[in-house]
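Let me give you the structure first, and then I'll get to my questions.
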Amino acid sequence: PPPPPQPPGLPLAPRRAFSNNKILVELDESSGIATMKFKSPPVNSLSLDFLTEFCISLEKLENDRACRGVILTSAIPKIFSSGLDITEMCGKSMEHYAEFWRAVQEMWLRLYGSNMVTVAAVNGSSPAGGCLVALSCDYRIMVENPKFSIGLNEAQLGIVAPFWFKDTFVNVVGHRIAECSLQLGSLHPTPEAHRFGLVDELVPEDKLQEKAVAVMAQWLALPNHARQLTKSMMRKAVLDRLVAHREEDIQNFISFISKESIQKSLRMYMEMLKKKK
Amino acid sequence: PPPPPQPPGLPLAPRRAFSNNKILVELDESSGIATMKFKSPPVNSLSLDFLTEFCISLEKLENDRACRGVILTSAIPKIFSSGLDITEMCGKSMEHYAEFWRAVQEMWLRLYGSNMVTVAAVNGSSPAGGCLVALSCDYRIMVENPKFSIGLNEAQLGIVAPFWFKDTFVNVVGHRIAECSLQLGSLHPTPEAHRFGLVDELVPEDKLQEKAVAVMAQWLALPNHARQLTKSMMRKAVLDRLVAHREEDIQNFISFISKESIQKSLRMYMEMLKKKK
Amino acid sequence: PPPPPQPPGLPLAPRRAFSNNKILVELDESSGIATMKFKSPPVNSLSLDFLTEFCISLEKLENDRACRGVILTSAIPKIFSSGLDITEMCGKSMEHYAEFWRAVQEMWLRLYGSNMVTVAAVNGSSPAGGCLVALSCDYRIMVENPKFSIGLNEAQLGIVAPFWFKDTFVNVVGHRIAECSLQLGSLHPTPEAHRFGLVDELVPEDKLQEKAVAVMAQWLALPNHARQLTKSMMRKAVLDRLVAHREEDIQNFISFISKESIQKSLRMYMEMLKKKK
C-alpha cells in the first residue's frame, strides 16, 4: 500500500544515510526505497574493499524492514562500474585470489538472490563485472548516450567470464546473443544493448532518477511475499548452481589467473589503461 | 490429404456434438477438427467441475481416430477464461484443495502433452489459469482488441504461479520476459502480448474462426506421427518435471493456500470482484 | 594480430589446397583462414563418404597450427547442402544405418565443438542436415535471395530431427520458434530466417566471400584461448548430452528408420524428387 500523504507542517519522512568509504547508501523510509551510490574513484572498480562494503550495505538493507527496494547507481560521471579490479588479480598470493573471488561470488549471490526489488540506474559505461552488477538486478535503466557501453567483455582481456556470469547473461538475453557477445567480448553501445534487451529502458540523463523511482514504485505495488517467491522461482536454479560448485569455482579461478600467460596479458592491459589516461 | 469435395445432394459431412454442462464440443469429421467452446458463465472460471469436464472431453477426442486437432475458444463474450476458480481455493477442506489442484495438474498434463494439434482461439481476456490454457496449446490466435488482455497475473493476487506454469511460460516467451511478467503479475494488452510472442497472431473478431481453421489445416498437413514425436521431444522435459513432483506440488499448494494470510487476500479479492459488478 | 603487409616483390603468402572428392579445402596461411567448399553434385547431400571426408578435413585443419578459422560454403549454385543423403537411409542393412548415423553424429560433434572459428557462408538452400551444418557454426551469413530457404524440415518427410539437432536449433532461435518450426518442418525463406536469427546476416551473392572474411577477422581478433574456453562453456552441455547418449541415439535411429512405414515414405519422397528433375 502507498504511504499515507504527509500531514502539512509535520517533518518530512525520515531519510537515513550511512556513507562508508566507497558506497553512499540512503534510505527513504517513506517510500521504502534505498539508493546505493558507487563513489570509488576513478572508475568504481570492484576491489575487495568495494565488494566487502557492497555486501555489508546490501545485507543491512535486506534486514531493514523499512527497506523494500534498492536503486544501484554511480556518483562518478560517465562510469557505472568498470568491473573487477584487475590489481586484485595481478601479482598477488593464492590466498588473496581466493579471498577476492569468494567476495565476487558473495556479491552476486546476495544481489541476484536479493529479496528486495533491485533496479540498476546505469549512468555510465559498465563493462565486465560492472555489467554483471546491472544484470543481477530486476530491471536496468540506462542513460541514452551512445558513448556509454555495456557488456561482458572478459574475452577481450584474454580471460573467461565464469559460468555464473554466463548463466545470468543467458537468463537476460537468451543463449544465442550471449554466445556471440561473450565470445567476441562485446561492449554494446546503449542503443544496441537496448535493442536486444540487455537494458530494459533508455532515458536522458536528467530523467534517470525519476524513471528509476517510477519503475520501483511499479514493482513495489506488488505484494512482497508473492513477488519474492516468484523471483526466487526464476533465479533459484542458477543461484544453486554456484552454491553447489563454489569451492571448485574458486580453485578454477586461482589456477587460471595465476598462469603466467594470463598474468602477462593482465599486466599489458593495465599498462594500456595507464597510457590511455 | 484434404477431404474430397462433397457430391451435390448428399448430406454434409457428419458433425457430431456432445454438449455437457460447461463445454460444448463439436467434431467435424470431414476435416478432423474439433472445437471445444467454453460456456460456463459468467467468466469460464476453471472450477473443479469445469476441469473434470475439460479432461473427459479432451480424452474422448484424443481417443477418437476421426479427430486430429482441437480448437479451444469461448462462447462467452469478452472472456476466454478467467482462470482458476477462486471459490475452490477459499474456505474449503484440505481434501478439497488436494482434489482441486490434482485436477488443475491433470488438465495441464493432458493439454500440454496432447497428441492432437491444439489451437487457442482467444476471443476475450485470459488471465492466470486462462492464460495457462492458451499457453499450453500449439498456437495462439487472439482477437485484436486492446481491451482484452492476457497474462499470468497471479502475483497481483498475492499468490505464486506454480513452477510448471512458469516452465510453460518460459518455453513460449523466454526467461527474461517471463521473469518480469510473472513478478509484476502483468496482464498484457493484445498488441503487447503479440509483440513478444505470448500470442502468435492477432485477427479481427469476425475472422477468428476462419483463421483458426486455416492454421489448423497448415498443422494437419504434416504427417501425424512425425509431428507428434517432435511435439513430445519439445515438451517432454517440462511435462516430466511435474509428473516427478506431482504429490509434492499438491502439498505445496495446500500448505500455501491454507495460510490465513493467503485466505484473507483471496477473500478480499473476491469481494473486490463482487463490487466491480 | 593482423599479418604484416607483404613486402613488394616477395611471393604471396603460401596458400595450401588439398582437394578430395567432395570437399575442396584451401588454407590461407597468412590470415589463418581455411575454406571448405562443398562440391558433391548434384546437391551436396551428406552421404557417408561426404561425412567421412568432412570429418577428416576438419580434423586436419583443427590440428594445423596455421589455421584458426574455417569458412564453410558450397561450390554448387543455389544449394548449400540438401542434408542427409536419403539413399543411405533406404533399403540398407542395420550395420549400414549404424555406421551412417555414427558419421552424422561425428560430423556434428566435431563441428559444433570445434576450437576454430566457424563461419557458414550459406550460398544456397539449406534444408534439414544442411541447416544443421550451418547451425553448428559460430556465425551464419546467407545470400539475400528469397528463393533460397533454410530450416529443419524433417517433419515434412515424416521423420523426426534427433534431440541434438533440436538442442542446437533451440540454442540459436529459442524454444518457441524451434517448437513451431520443427513441428511444421518449416523451410524459411531468407528474409524470415534472418528476422528470427536463424541466420545472422544477409548479403548479396557477390559480397558473400568478402563478408565472411570480414566476420572471420573480427572473431580472430580475440585471444584464441579465451574465445575457445568461452565457446566450450556455451556448448558443452549440449555436446555432452549426445556423448552420453550416443549408442542409444544410434539404436533409436536404426529402429525408427527401419520401420516399413518410414521406409515407404522415404521411397515416396525420393521418387518425388526424381520426378521434380
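Residue numbering begins at 1 within each chain, and the chains themselves are lettered A, B and C in the order written.
Heads up, the rule we're going with is that contacts are C-beta pairs under 8 Å (C-beta built on N, C-alpha and C of every residue); 3 or more make two chains touch, one makes a residue touch a chain.
To keep track of the chains, here are their UniProt names: A, B, C = Enoyl-CoA delta isomerase 1, mitochondrial.
This is a predicted model, so every value here is computed, not measured.
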Overall pattern in which the protein chains touch one another (line/ring/star/complete/other): complete
Taking all residue numbers at the chain A/chain B interface, are over half used by both copies (same) or under half (different)? different
On a C-alpha centroid basis, what's the spacing between chain A and chain B, in Å? 39
In chain B, which residues are in touch with two or more of the other chains? 174
Where on chain A does chain C make contact in their complex? 154-161, 163, 166, 174-176, 178-180, 182-185, 261, 265
Mind pulling up the chain C residues that touch chain A in the complex? 138-139, 170-174, 197, 200, 218-219, 222-223, 225-227, 229-231, 233-235
